[in-house]
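Dropping the structures in below, format is structure tokens.
Look for chain A in each of the two complexes below; its partner is chain B in the first and chain C in the second.
After this line comes the complex of A and B, so read on.
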């Protein structure tokens, strides 16, 4: 077993052991945290030994279902590496922030299963395997929201499950269709990505349908504009950990899968419909931005602002040039860190103050200075203040879109500013200004929360000040995507 | 073949034994179990080999056949019966109304099903079908709790006999058209008749198909399913849903693949309509049910729809579609057996109907049972990491391979609807606080029944994950390979 398999299966194995052993919630939590640190170490090892090139590295392959050519094959390239590092860094931090939140064993067990699921999704290079993890990942999320959510949680759990499974099933049909086409064209069964990209027998119409199958699945997960109706309910009923996972990891995996699978499988359609998806992305940016302004609940507001940024990320991916793609990769990281951090902080606040509307907050800065400082850093990153990685990322994406089409670029540039500026208003109203509301129960962050958030804050600043360091390993991969897969040229 | 004889002998012996006053019900149950076990072991000796022959040709005149195909189905039917008796152990003990004859009838029905997959002639197939059905009619009536039992038994008896008549009439037409009722020879004669008028054969075969559609409860012959399953005791429902369907498919696949191959295209449109209607109506029925048993019964109609998708794909993707049916039958058999079995175990001591609402907060009181029940639901819904997912994968792949992408999409939509009614149970079990006293009567996890159910749950997960990491252990590949092998044995001349 190679190192990637360890990263995938270690959390699952530990979860199974902890599930059977008669240990309490605390021991399980410590175990989960320990595992996340080990995973971080492994990921760091992968990062250090990753040679900056477009090749798949740490490649592993085993037969799985031989009669259909289904294999277990995993590997990392520059793009998955950056997402891997993101997840490996975020999870220990998140665990520290959730330390006192959840006192149930099954919560931490589910978290471990989810960690396995996301790593598996990230490394899969066989479409069957990918679908396997993609769906299996949903079950622990289902459990976390259903068991630990608030409000009308059962309904919203069923809703998100049915919704996402609907999307994935369309993708499933597309995957099967590709497999069968490969069989008819080459005479052997295979579901490996590297084999399926060679299919040339599909007609335009067939490709359109298959492309749509994939896009629906990813658009629901991200979520892109017309497929977002699960978002609000799910985010507002989920427990903190659930929201954190959905917004900063699962949504990013949607974008990741878009690049990993739809780009090489349907390069022509990817280029042909780029304009449409940029438009959809920018529309989402504006639409969700406006929706965020009118919310009176921080969690709901963050949910929409998160969707708004994901629109921008999608637009960057489809801008088909180096700036846009780099910017998207960068914003995936920046936004995951910032939104994840914000959701976790809001979780801390809810633990002290209960669930409150925005209008019942105010004057938190005085009671909780550490909290406010971290909140501010995350917020600046989300808005894209110079000096944070959010700024670098958004600038690159806007440049990329501008490169693609100046009008769209101008539109994107304007809306980025408008859509994010309401965040300041929230910050001012909820944190800074003294109001008559009673916030005396609010307490500042404890030591492990401060420690847990430090890496995130550090990354925000470090990536903002010195982005080249973080781009070195990903650039060859992105060049490869543009030159070899899409044939649009990296410097076009 | 010896296995078949062993079961028949066991059934007759048990019938005689049960007349003796000294023999108690437990003895009969044990006797039936041992007979089935011997039968299974005998079957497994020739499992996984490629062969075909007619046993005692002078005596049976090609009425029976023994090949890898029938042995494969024998193995499924016998393990189904074994699992039924294991799962039912607890149920039979707590519900005292099961008489000793029940087990004799049980063996007779197993014998009928095995005979059906060995049948190589239309009339012997009919006799086999009736042996199995008649035993089942009585088994359905064998309970005293449910006031619907007589209705269920009679409904099945009357409708089943009617369906049986279609089979006879169809055989007569086929005989009129071809001059023979022996499988294999019918196919040869049909080949020579190609280009001429074969409408008699088509009418006959269509009538036989009506019986088939009735027995597997496809649209528009599905109405009996819910009432009959609901009215019979749970182990019997499980036995019918899982095992009987296997036997029916076993025979009809042989008939279609070997004999009616040249005219199979005739029914394509008909089947497509039937499939879509079955999926739609079955899903609708499953959604509106409040009782779990009725939901499982209704969802079995949907699973029939999936199987029919593979059935119609056989025309263009023969090998993979046929083996996908066989594989899916195993997958469905495990999941349904587990679900029915576990619910019968939970509800054995109570006289209430088992509804969704009864399971509110169940997981907090009985975590292991809830986990197992969740595994069965996930497998029925076809979620990855369960055997149900792999089964659906094969069926949909076969459909796309055959060019029926539209049907695959229909199947996917039905799957997506099914997520709702299967996940509803999981949500109810886990996401609500436990009611205080509702589940005190549930027996603890001891004895043979829960052990069997637990093993089934493990098998479901094992079948879904496969044998990537542990070589030389039968997994997904092994099952699909033997399914292929048994398919191949049909065409040995």
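After this line comes the complex of A and C, so read on.
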């Protein structure tokens, strides 16, 4: 069993053991945290031994359902590596922030299952396997929202479940169709990505439908306009851990899967519809950004903010050049850290003060300096202040889209205004200004919360000051995408 | 030796981190005494000033620009952008006066902020600002400049809202940031165009200047205008000036350093830095000059009716910046920089003097509640008089030479209307400045009690700056007076063309300037020298209300965006998108499933997956829910 399989199955195995053993919530939590540290160590090992090239590395392959050619095959390239490092860094931090939040054993068990699901989704190179993990990672999330959420949690669980399962269904149909086509064309069953990309018997119309099937599933997960209406209810009713996972990891996996699968499977359509998706992304950037301005619920505001940035990430992916792709990879990381950090901080605030509208907050900076400093760093990253990785990412995406089309580039540049128009307002209202609301229950971050957020803040600044250091391992992969898969040339 | 350039930026950055850590430790763990903060706060600017001089010396010895590349910042596709520093005559000239004025303001602030709860935080932000400002001027390409450019904007935001518990301060900070960001949007578009058309792979000024000639002229026009939009925001020119008066909510040393002497001049510096671009598009230059002239006049007009001492100075800053843009617009970058230089001295002095008065009067900022301060604060009185004379353009004080030079550029280049606007503005300037001066320091029947003079830590920087405000002009003595124009020689490459005026014309222009200044002073003298405080002063009218521009912007931009936001969130999303998507998906699924069942060859496979999935799910549910 290779190292990637360890990363996938270790959390699941530990979860099963802990489930059987008569241990309490605390022991389970400590176990989950320990596992996340081990995973980080493994991920770091993978990162160190990854040779900067476009090759799939740490490749493993086993038969799964032989009669239908379904295999278990996993591997990493530069793009999955950066997402792996992101997840491996984020989870231990998140656990430290959630330390006192949830006192239930099943919460932490679910977290472990989710971690397995995420890694599986990330490494899968067989579409069937991918679909399996894609669905498997969602189930515990639904559980967390349904069991530990607040407000109208049953309805919102139902809504996100129906929404995403519907989306996945379209994708599933497309996957099966591809498998069947492969069988008709080559006479054997296979669902491996490397086999399915060779299919050439599809008509243009068929390709269109299959492409749409994948895109709908990913558009819901990301979410792209107009598939976002599950977002608000889910984010505002989820417990902190759930919303953290959805916003900073699962949404990014949507973009990741878009690049991993739709790009090689439908390169021509990917190029042909680039303009449409850039437009859709930029529209989302502005639309969600404007909607965020009047939200009085901080989680709803962050939900819109998150959707707004994901629009920009998607637009960058479709800009079909190195600047845009690199920028999107950077923004995936930057946004995951910043939005994740903000949601975790809001979770801390809600633990002390209960769930409150923005208008009932204020004067927190005075009581909680560490909290406010971290909040400010995450905010600066979201707004794209120079010296943070958010700046590098937004700059590159804007340049990339500008290369694709100067007019769209000018629209994308509006990003420098969008986030600033609501983030500073929230900072002012919720954190800074003394408003007369009673916030005497607010406590500053505890030591392990300070420690937990430190890696995130450090990465924000380090990637902003010396971005090139973080690009060495991903650049060959992105070149490969542009040169060999899309045939547009890396320096177009 | 060029590495010294990197240290000039790095040192304040390190002291920022140190001060910030000390401050956080101090408020959360154990109190650190103020003197330790003071030590770091003064040590770093002093060393940076010396480093700046060392770099200057090195430049003179070598005779060509210093260049230092620290590391590869970003290498993407064809582009390889370095974290590089350029120490040429322009940037080291800027470093010289920035570090000098900034050092004095740091010293002054140790007294001004004395015993303030946020003492450490204040200096941490100040040092971050210094680092960003120095990066801005020392950067060897527009991208690094942009990092400093946005960085100083961030510090400006943090320092305007320094007393963050008061809503008005934070609102002012937000306004400053967002208006500046509108400018930055323009700047960013300009950058993207430069990237795209500039054919420079390392994106440094050097290679950009080399290839700029190959860019089509309409593109050049676009780039020049877009970059200038950034300057409009940073340097508070029409129409993006609205943040500057509100920015006065910050502590007074902030107004002196950031909103008068250094940051707001970044726009002028940027245009001068891009002279190789602006030289090719003189019609954009004319546009810039007109924006500058209008801003100068408009701000001066508003200043004549204001009553808050810092707001008067803020409008005066905007007005003086307008003069500088007239000059850069007409290609006389050196004259503009000369004015940047002299302005840094007298405007910092004006703000610091005003700060001393404000402290003496327990944070009173309404000039009509001051009066007769001459008797209490003789040093402040004398230094403020020098600064007021300097800004009014009375010879031989510093402002006279630089302002005269700009007006003669306007006249000499044949833009008589610009010259006329400038001269009328000069009358207004000396009027509103002496109005302020007479009301605050002279007048009769002041009613305030318990006034105390400020200590020598605050007064000493005033005196040093007063020396500067008196003599800085001699560095740019016009040929007419038989002097050597040292700054003109130093910055000789920063002038598009020379304008030759006959000595007679030059003498007439100088005479007119002095007459204009004296005229303003005379009117102010008549109206305000013996101003009686018992007569209540109620300014009103459209000028006092600043032509209702703030209200107009509020309706046009703030309220309309909020309305749109509410419409999107409440109507579009809830009532339209959600319903349509839910309905559509229902239809699609119905259709999609049917097709899938027909087309899929293996029904058994599907059934297997479903059963397996449901089985796994139920096991999981049972386990978790038990």
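Operating definition for what follows: the second predicted complex is superposed on the first by the 488 of 492 C-alpha atoms of A that agree within 3 Å, B and C clash if a C-alpha of one lies under 4 Å from a C-alpha of the other, contacts with A are read in each partner's own complex, and residues count from 1 in each chain.
Keep in mind that, in the parts below, a residue touches a chain if its C-beta (ideal position, glycine included) is under 8 Å from a C-beta of that chain, and two chains touch if they have at least 3 such contacts.
Model, not experiment: these values are computed from the prediction.
> Quick check for you: in the superposed arrangement, does A:229 touch first (chain B), second (chain C), both or neither?
In the superposition, A:229 contacts chain C only.
> Determine, under the contact definition given at the top, whether A:176 touches first (chain B), second (chain C), both, or neither.
Touch status of A:176: both partners.
> After the superposition on A, what does A:6 contact: first (chain B), second (chain C), both or neither?
neither
> Looking at chain A, does chain B or chain C touch a larger number of its residues?
The partner that reaches more residues of chain A in the superposed model: C.
> Is A:146 touching the first partner chain B, the second partner chain C, both, or neither of them?
A:146: touches chain B, not chain C.
> Applying the document's definition of touch, where does A:287 land relative to chain B and chain C: first, second, both, or neither?
The second partner, chain C, only.
> With both complexes overlaid on chain A, does A:273 touch chain B (first), chain C (second), both or neither?
Touch partners of A:273: none, neither chain B nor chain C.
> Just chain B (first), just chain C (second), both, or neither: which does A:66 touch?
After superposing on A, A:66 lies in contact with chain B but is clear of chain C.
> Between chain B and chain C, whom does A:135 touch in the aligned arrangement: first, second, both, or neither?
both
> Applying the document's definition of touch, where does A:158 land relative to chain B and chain C: first, second, both, or neither?
The answer is first: A:158 touches chain B but not chain C.
> Go through chain A and flag every residue that touches chain B in one model and chain C in the other.
In the superposed arrangement, which is not itself an observed complex, chain A uses residues 68, 135-136, 139, 143, 147, 166, 169-170, 173, 176-177, 180, 183 for both chain B and chain C.
> Which residues of chain A touch chain B once you look at their complex with the stated criterion?
By the definition above, chain A touches chain B via 62-68, 72, 128, 131-133, 135-136, 139, 142-143, 146-147, 153-154, 157-158, 161-162, 165-166, 169-170, 172-173, 176-177, 179-180, 183-184.
> Spell out the part of chain B that touches chain A in their complex, as residue ranges.
378, 383-385, 389-390, 393, 396-397, 400-401, 405, 408-409, 412-413, 415-416, 419-420, 423-424, 426-428, 430-432, 466, 468-469, 476-477, 480-481, 484
> If you look only at chain C, which of its residues touch chain A in the complex?
24, 27-28, 71-79, 143, 146-148, 150-151, 154, 157, 161, 164-167, 170-171, 173-174, 177-178, 181-182, 184-185, 188-189, 192-193, 195-196, 561-562, 564-566, 568-569, 573, 577-578, 580-582, 585, 588-589, 592-593, 595-596, 599-602, 605-606, 613, 616-617, 620-621, 623-625
> Of all residues in chain A, which touch chain C in the complex?
19, 68, 106, 109-110, 113, 135-136, 139-140, 143, 147, 163, 166, 169-170, 173, 176-177, 180, 183, 225-229, 232, 287, 290-295, 304, 321-323, 326, 363, 365-366, 369-370, 373, 380, 385-387, 391-392, 395-396, 398-399, 402-403, 406, 409-410, 413-414, 416-417, 420-421, 424-425, 428, 432-434, 444, 466-468, 471, 475, 490-491
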